[in-house]
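Sharing a structure with you now.
Chain lettering (A, B, C and D) follows the sequence in which the chains are written, and residue indices restart at 1 in each chain.
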């Protein structure tokens, strides 16, 4: 695959991309809202957006993680941001860190409140992730809560709903 | 001044902090909404927030810029993010770059649409600025549109409403 | 009970008052958002707000409906608006219609999308309900989708997520 | 003109339909947001929406009021709701009341905060107006702040930003 973009933005779903379904009262996926978020953000990046899947990260399988890995390996861009559910964000980051043998900067991020519900952390997180991918040396990282963590050195604190260093 | 914070966040107002005044139909300032934005962002940074002024940047005077400079010089933190109106964002960045003789990383940012009006770029920009200040070597920068610019190397394109390299 | 209010607004919860819980990813109740909605609405009504319960209407029991009936009977106001989950909105309306022997105008309403998630029908529905209660002769009514229905003459179409005449 | 609709909704602009223009920092008109508001409201009314003009009501001329009057006279619907800026809302209501000789119910409403800026009273007001037009005898009315006023018996209190009886 060729690409004239500088950054690949790979969407995997997660809370960030959920919306309220008025018919059944559940939160589910209908489409990725990253195009709307990016428009709102008025970004001027040379960005290629690709939706790999729209999944609750608790439902992600080993095959899904392999698919994400393949997408990273095949991406012509050296800078990759991945949006992903927060529940298994650290697992996917570790899987990528263990299998990527390229000089790429890969930053995973997500949101604790869906973008479409308003008052979300999605824009803040994506802004931080897109900056980190441009300013950080190759490696696999998680950006959440305004902080940059290396894969294998971070966990989600489920009681507080924040990410913290191991 | 002593501070146990890692990052100083200095608010100067600008579009980011304006709100609609229902009584007169104008956009004006009543308070800084950065505390609300930061709460929404669920940040876990060791941050000190200080409101220096709440001004439309077209109304900023030389004395105002000196005040911002003093605040940067006096800040015990080595990492400083400044929120500021976009119309004279580059001027203040240049003024700071010309007068700072310390090893500090200073990142200026703003918004094209007020945070309080919804669908704003404020959260995205602040997320990017707070990441840049942690990951970039000392200097004075502007973060807008997902991009990192050095002071003196950026201008606002008023027709498009975006920042671009000189 | 004495009251100097003209209208009683009785909150029972339902989708209208749910919010997203970032810690568990579920929609649940923490408080009624009617005070916030009413402030946003800039209403100038002489209104008494009372929260009877905060329940998903699928969880409402016979005892809950008796509690709502008691609150209507005991309310000194002649005009009563009730916010309620939509799933059993018609059942509660019928129960009230069958047991109220007073000359009161009672209007039940709800929302298909929570107020706190943005882009909600809550404000529109409450505005319509508060107008209907002031302009309609005594009886028990449902206001949804901009329409006024009499109890016993309306059903929820679950496929379309709208209320329609029987 | 023939119409199979029950209610005509005539848009004249006003604060309700303004949005923030990021390029010049002003509030102005680009389109009517009533279709978006009505979709959000999930209304099931048999409604005909017509945009007569998009004007700040301080800029409305005698010719504009004549145009609104003509639209009311020519509308095949017996129920008419008009959205209009609040600054001269009472003037237009009086003008219509003085010149309408038909058995129509005409309800004027507006908003103190633009729909597009969030936290607006627009949905609440439109819900109340659309209910009032269905439940009130012929005449010309203003619906604001959850209240129903007859033309000639209401004024805008500019200090408080609310409508009150004369």
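The definition used in the following text is that contacts are C-beta pairs under 8 Å (C-beta built on N, C-alpha and C of every residue); 3 or more make two chains touch, one makes a residue touch a chain.
Quantities reported herein were computed from a predicted structural model and do not represent experimental measurements.
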Residue-number overlap at the chain A/chain B interface, same or different (half cut): same
Chain at maximum distance from chain B, centres defined as averaged CA atoms: C
Mean-CA-position distance for chain B and chain A (Å): 26
Distance from chain D to chain A - Cα centre to Cα centre, in angstrom: 44
Chain B and chain D: spacing of chain centres that average the CA atoms, whole Å: 40
Overlap residues in chain C, where contacts from two or more other chains coincide: 22, 42, 112, 118, 161
Touch list for chain B against partner chain D, complex: 15, 20, 22-23, 25, 27, 112-114, 116-118, 158-159, 161
Footprint of chain B on chain A - complex, ascending: 37, 40-45, 112, 118-121, 123-132, 134-136, 143, 145-148, 161-164
